[in-house]
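A quick write-up on the structure given underneath.
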Amino acid sequence: MTFFNDLITSLFDRKWFFKSLHGSEAFGLDDLDDLLNAVMTAEGEVSALVHAQQMLTLIDQLDDHGRQVLFEKLLALDLNAPDLAQAALDYAENPSVAALARITETAEPHWLELFRRLNAAPNGTVKLVRLRQHLLQAAKQNPEFLRLDVGFKALMRGWFNPGFLVLKPIDWSSPADILEKIIAYEAVHEIKSWDDLRARLAPEDRRCFAFFHPTMPDEPLIFVEVALMQTTPQAIQEVLTPGRVIISQHDANSAIFYSISNCQQGLAGISFGNFLIKRVAQELQRDLPKLKRFVTLSPVPGFMAWLKTHDPDLHEKASAPDVMDQAASLTKDLQKAAASYFLNSSRPDQAPNDPVARFHLGNGALLERINLFADASPKAIKQSAGMMVNYLYELSEVEKRHEDYARHQTIHAADTIKQYLKS
Amino acid sequence: MTFFNDLITSLFDRKWFFKSLHGSEAFGLDDLDDLLNAVMTAEGEVSALVHAQQMLTLIDQLDDHGRQVLFEKLLALDLNAPDLAQAALDYAENPSVAALARITETAEPHWLELFRRLNAAPNGTVKLVRLRQHLLQAAKQNPEFLRLDVGFKALMRGWFNPGFLVLKPIDWSSPADILEKIIAYEAVHEIKSWDDLRARLAPEDRRCFAFFHPTMPDEPLIFVEVALMQTTPQAIQEVLTPGRVIISQHDANSAIFYSISNCQQGLAGISFGNFLIKRVAQELQRDLPKLKRFVTLSPVPGFMAWLKTHDPDLHEKASAPDVMDQAASLTKDLQKAAASYFLNSSRPDQAPNDPVARFHLGNGALLERINLFADASPKAIKQSAGMMVNYLYELSEVEKRHEDYARHQTIHAADTIKQYLKS
Amino acid sequence: MTFFNDLITSLFDRKWFFKSLHGSEAFGLDDLDDLLNAVMTAEGEVSALVHAQQMLTLIDQLDDHGRQVLFEKLLALDLNAPDLAQAALDYAENPSVAALARITETAEPHWLELFRRLNAAPNGTVKLVRLRQHLLQAAKQNPEFLRLDVGFKALMRGWFNPGFLVLKPIDWSSPADILEKIIAYEAVHEIKSWDDLRARLAPEDRRCFAFFHPTMPDEPLIFVEVALMQTTPQAIQEVLTPGRVIISQHDANSAIFYSISNCQQGLAGISFGNFLIKRVAQELQRDLPKLKRFVTLSPVPGFMAWLKTHDPDLHEKASAPDVMDQAASLTKDLQKAAASYFLNSSRPDQAPNDPVARFHLGNGALLERINLFADASPKAIKQSAGMMVNYLYELSEVEKRHEDYARHQTIHAADTIKQYLKS
Amino acid sequence: MTFFNDLITSLFDRKWFFKSLHGSEAFGLDDLDDLLNAVMTAEGEVSALVHAQQMLTLIDQLDDHGRQVLFEKLLALDLNAPDLAQAALDYAENPSVAALARITETAEPHWLELFRRLNAAPNGTVKLVRLRQHLLQAAKQNPEFLRLDVGFKALMRGWFNPGFLVLKPIDWSSPADILEKIIAYEAVHEIKSWDDLRARLAPEDRRCFAFFHPTMPDEPLIFVEVALMQTTPQAIQEVLTPGRVIISQHDANSAIFYSISNCQQGLAGISFGNFLIKRVAQELQRDLPKLKRFVTLSPVPGFMAWLKTHDPDLHEKASAPDVMDQAASLTKDLQKAAASYFLNSSRPDQAPNDPVARFHLGNGALLERINLFADASPKAIKQSAGMMVNYLYELSEVEKRHEDYARHQTIHAADTIKQYLKS
């Protein structure tokens, strides 16, 4: 596609231009300094790319120890803070072009230029996404490595600027190599087999969409699974039961977003989900003008942990193995507790307790309904005593609610839920 | 293509989500502050894009005065230098993640964040390229505007990272709207009509290639015209004479790069030409394995200006209207002068005198031949007394010569040319 | 695209499989018998294709005389009529599978199998279209050649089955090699230059569509030019005047089909126009739901010839060089004559006198309005004293009117026009 | 893609043009006469298509009985043999254009025109392929139905003219809905699961190619599976063993065609395999110039049935359940019998006994090696006592051998195999 790929590939294939700058033998950890130096100092633009390619190949082969060494070496490429301070003072005195240029040069740790050069090599972006995944992992042991991420994350945010994202439908005519990644990355309701996947993609009342980045065409960034229905489901089995009745897509009035999965841990902190839902809602409405409701069926991953602290008695009852059969005795108490969990923050930042709630309310959705005993899977029982909720996306309100939430932390919820609190 | 385009377009088309944040009436210079503020503070991601779109629309309509006002307002968004100095000192004392993040936040003038947000809007990139063209123009009167360009150019360089460039052949089956831009942008040998263009694109012994950027699919960035020949031409009429004999592409052994034109003044200082020639050479060799020589037929735009200073007598003779007929009397002197012009720098930085020579020698080409009386066009007579030269790209040597030039300012030239100097 | 192309091309390129069956020297008329024999008897499927390719190459080079020889040789490949008569009698007696197969084998002149085999070669279809054009031409001198066309036309009709046709918009981003054919093939209102073409394609209130066949991707079969307007024009200058005001496509309520041109004389008698107009109307309405009227502005090519016979006096007056200025004196008479020309047939088959009327009325259009003095071009003056007419396509009526016309020769016309007759 | 699809689809969707010609209720067998009549007599081209679409929908829903009724009704549309006989006699007397046209009109049963009109409807081709499958099935009970196939097959051959075929690689990035058909249609070595399929498609030393027809983009017509190896395998487990060592594609020198499957029973008698193998060989050699050998590993489906008649004793021994372990005692006898089976025809037409041999030898391959005990699957044991053979495609010889076989029934086989006969 892009010419670099071809250019560099051909260099390696044909030994054109070069005899090979370092020989074709594999690189090892001992070559790290040389390669770092080669990438940072190369004058020839083509040789810079070859060295970047070589360095990425080496990085791919590093183990945990190797990466630790790498990250330490990178930290040594820090900016010169006294120089920067001096440049800033000079600029304060005389805001000239040259003085500003001096700030620009000195304000950035050199590892960022390294990341930029690596990114220019073929498949550089996807390899750097994987490197950042390892960096965040390693930073759990070595928090100082997070300094590397300060600018790295900003670079990633630029490279994954929403303007570059491409929305693609995923269906039963999608490439098998993409589909096997959908199976692997599904994070909410496990896909157990190709038949299971087919049941989610092939019927005419099902949809799936993913975002892709042009430089990583084989790697979905995030995807959402949608069920077209004539009602808003109160339990996951209404969506996923094998042998369910398939309806005509033209008879549906509701689009149920029942699973959203991020695919790339190396893109942590860079959000795509908000655009995805709005964009998919728009796409669906264009295709199927009868669709009137866009609503999720979502898990409540933080409820039981919160309940343990806030109402240990109820937590114990809700932890019973047969909780799904205790509707009669537990409904009232769980409704009230859930309403409190969603509407009253226990967090210092006053944001909603539940991470999924933070995501959807932050997107401008309304918390519409609490469904107790809606998911009998062990994971759901453990996280939320089987509770699921519906978040409603009203396209005419979504931007306003988003602004309310962002500016005033307003939580838009249905009156029914507010009533639970008072009961 | 990309989803933003669709999303925002649909917002404007359908008045979805919004009733319109500012009404649909046109914006004027008076709204500049409001729009600047709206883009910089918008919390809703979609509304941020809408405001960016609105601001770009306003910018498009500004005249010189309006842009002067804009650039002045942008300069007011400068970084706070004392804050940055303090952040740098703090980091010198304690290089923590937070301190580094503080530097990152304070080291950048706020106009760069504005450019980033504008770039995310539909067609943002191409509109910013045009804005930079105007900025560079305005800076001739107001040099302080160049402060805006310090980071702007760096942003552009990132957005136009060679990894994004797409090489496309331009031929007689290319879209007419692209072809009319080729006619307009041709900077070396004017294309006088569609028939003239057809003569350069349609015959099987002609090629043309351009670089495009994915976000600007209708705008070539740079293009090169190539003639496939059985010899290296010594004069431009060997290439461009109407009615010339067309040869079979399979009989050619030489690819002549006879015209390279940059298309976007707003991308000044961001070089694509070096990659273009190597990439095209590679593409041609893949298609036509019999091609053995890749060579330019290039103008010498700075010769006569240099000659006026360095040999006023010869300059006067070479300025005669009938200079093309003075070969007998002028050849020796002009050869010697030309050799001196190419091989001995009169510049403080010791780079070659001729800008085209700096480009090709910097790419790793060899100065192969000086062709006197090779272009009878008024422009060529004026610039170089009709002289043209051939630069030879030997693919096996090109990277080495590039490094020699970059590191040691070595000028690789044919022995014949060095001989002229001694004559 | 298709594999045959590649396969055969590679045979010629690489001399794979074969050393070349007949040597690489050019074929001449003397080889015709050998090649005919080779194509008709080849057992190897690949060699059959090679011979077909060779024969097509020879045919391409034939002049009028050569083609006359060819057509005579083809006629010698006639069916054996007594054998066929016997096979038919046998089948009448015993309708067995074998007897039917025998009919199938004997009922067809052998030249049809030849055409089929030639069609399978690379670019065979387009070359046979050109051959049929020459055949129809030659048949004017040698009517017996029309026997070749009996089955040839049927084969063409199958190959150009509407199911294969592809509708493509033609606009200013279409390939230049297609556009130069649009210039060449325009048959109604001449396109004088690339600028003239641009004025018909680039503005947002203009459209053009063409049908293509998959095996002839560079050759339009038929195309229609459309003006989006707010009124139904009464004269061609309302559509084509340089410098006219361009309107927003979204403000248009009428689509004016002002030029339809067939491109391939070799497809004479195979009609695409009826599908084209309905398909384009449908496409336009999908894009621009505000469009309410689909109407032509059409020439009247047969009027003056008819008038000369039916009203010589009026014909003489209408032949005056300044007829466009004679509205005052001629309007009434011309209206009445025109109404008679359109509504009363002078033909043995009782079809409308005007060929363009036969086309549009046959498609299910209504003759809506007669516009006298509507086209001042010399061609229009000569054909129709400058008269043009509007045919209206009402999508809800078009199929019914088509059936009326086809079954009962009903001519649907506006009442105004019928009134002219009575005046 | 093609406009008919869109046109007709929109008619049904939007009730454009029509109110619906027959109402929207489903059609039944009782409507057959009406629909047949409607399709055959429709004047409006669009209504003809609508009726064709309706008739195809009805045909799709017919059961065996319904199809029997249909086929009988079609037979009633036979040609008028006495008329044809008369037309032939007239033409014998006076070979005029009109007389030839009369033959063309009368020589064809009317059911062929019906098939042509059905073919023009959306998805008509694929539905007619299925109809022919049913026809051939029904003809086993009612041989007179084969009269319908006389022209039907000829029509199919025209529609599936090799010039239309498109070769596509099938790999792990192919659409899942195509891949599940590959699993279903594999006729030689069963594909047991998606993992099994992945093992045949994803490794770099495996290839698969299929032919498609433009009007049936989701239906492969035939496909071939290829293993890239460094040797010619003597047994299928060398190709298909799970966990085998994957080699670099660039190290392979042999392409093994180990499975070829026809997909469409409705295309019986229309051969694609010969083009497929040559085309794939060519494609592979272009990609991987080091490939020197193109060879099959093929089953021998008719051997044991033949052996039972020709050598009952050996047949009994070879039928032992543990035949794969009897190499020591059976090798010599089986080699001799196999050589006789392959080299000496027992058929009236003197063609090779084995159907797979007829296919490959007819394509121009050489019978290179007999591999006893090469496939331990129950099917192979039963058909051929586990024997497999290699057919060698030497691209420089393939067309010559094809002609030898077609003209002189020559069987090209390796000397070793001829030796077996003499032993």
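A, B, C and D label the chains in the order they appear, each numbered from 1.
Just so we're on the same page, a contact is a pair of C-beta atoms (placed from the backbone, for glycine too) under 8 Å apart; a residue touches a chain by one contact, two chains touch by 3 or more.
Quick caveat, the model's predicted, so the values are computed rather than measured.
Asker: Give me the fewest steps it takes to get from chain A to chain C if each step has to go to a chain it touches.
Answerer: Counted as steps through touching chains, the separation is 2.
Asker: Hey, what angle do you get rotating chain B onto chain C on C-alpha, to the nearest 5 degrees?
Answerer: Angle of the fitting rotation, chain B to chain C: 180 degrees.
Asker: State the chain with the largest centre-to-centre distance from chain D, centres being mean CA positions.
Answerer: So the farthest one, by centre of C-alpha atoms, is B.
Asker: What is the distance in Å between the mean C-alpha positions of chain A and chain D?
Answerer: Whole-Å distance between the two chain centres: 48.
Asker: Return the distance between the CA-based centres of chain C and chain D, expressed in whole Å.
Answerer: 37
Asker: Going by the contact rule already set, what residues in chain D reach two or more other chains?
Answerer: none
Asker: Identify every two-chain combination in which the chains touch.
Answerer: Pairs flagged as touching, ordered by label: A-B, A-D, B-C, C-D.
Asker: Where on chain A does chain D make contact in their complex?
Answerer: 172-179, 194, 198, 201-202, 218
Asker: Give every residue of chain B touching chain A within the complex, in rising order.
Answerer: Within the complex, chain B contacts chain A at residues 1-4, 6-7, 10, 16-18, 43-47, 78-79, 81-82, 84-85, 88-89, 91-92, 95-97, 100-101, 103-104, 107-109, 116, 119-121, 124, 143-144, 146-147, 150-151, 154, 158, 161-167, 211, 214-215, 274-275, 278-279, 282, 364, 395-396, 398-399, 402-403, 406-407.
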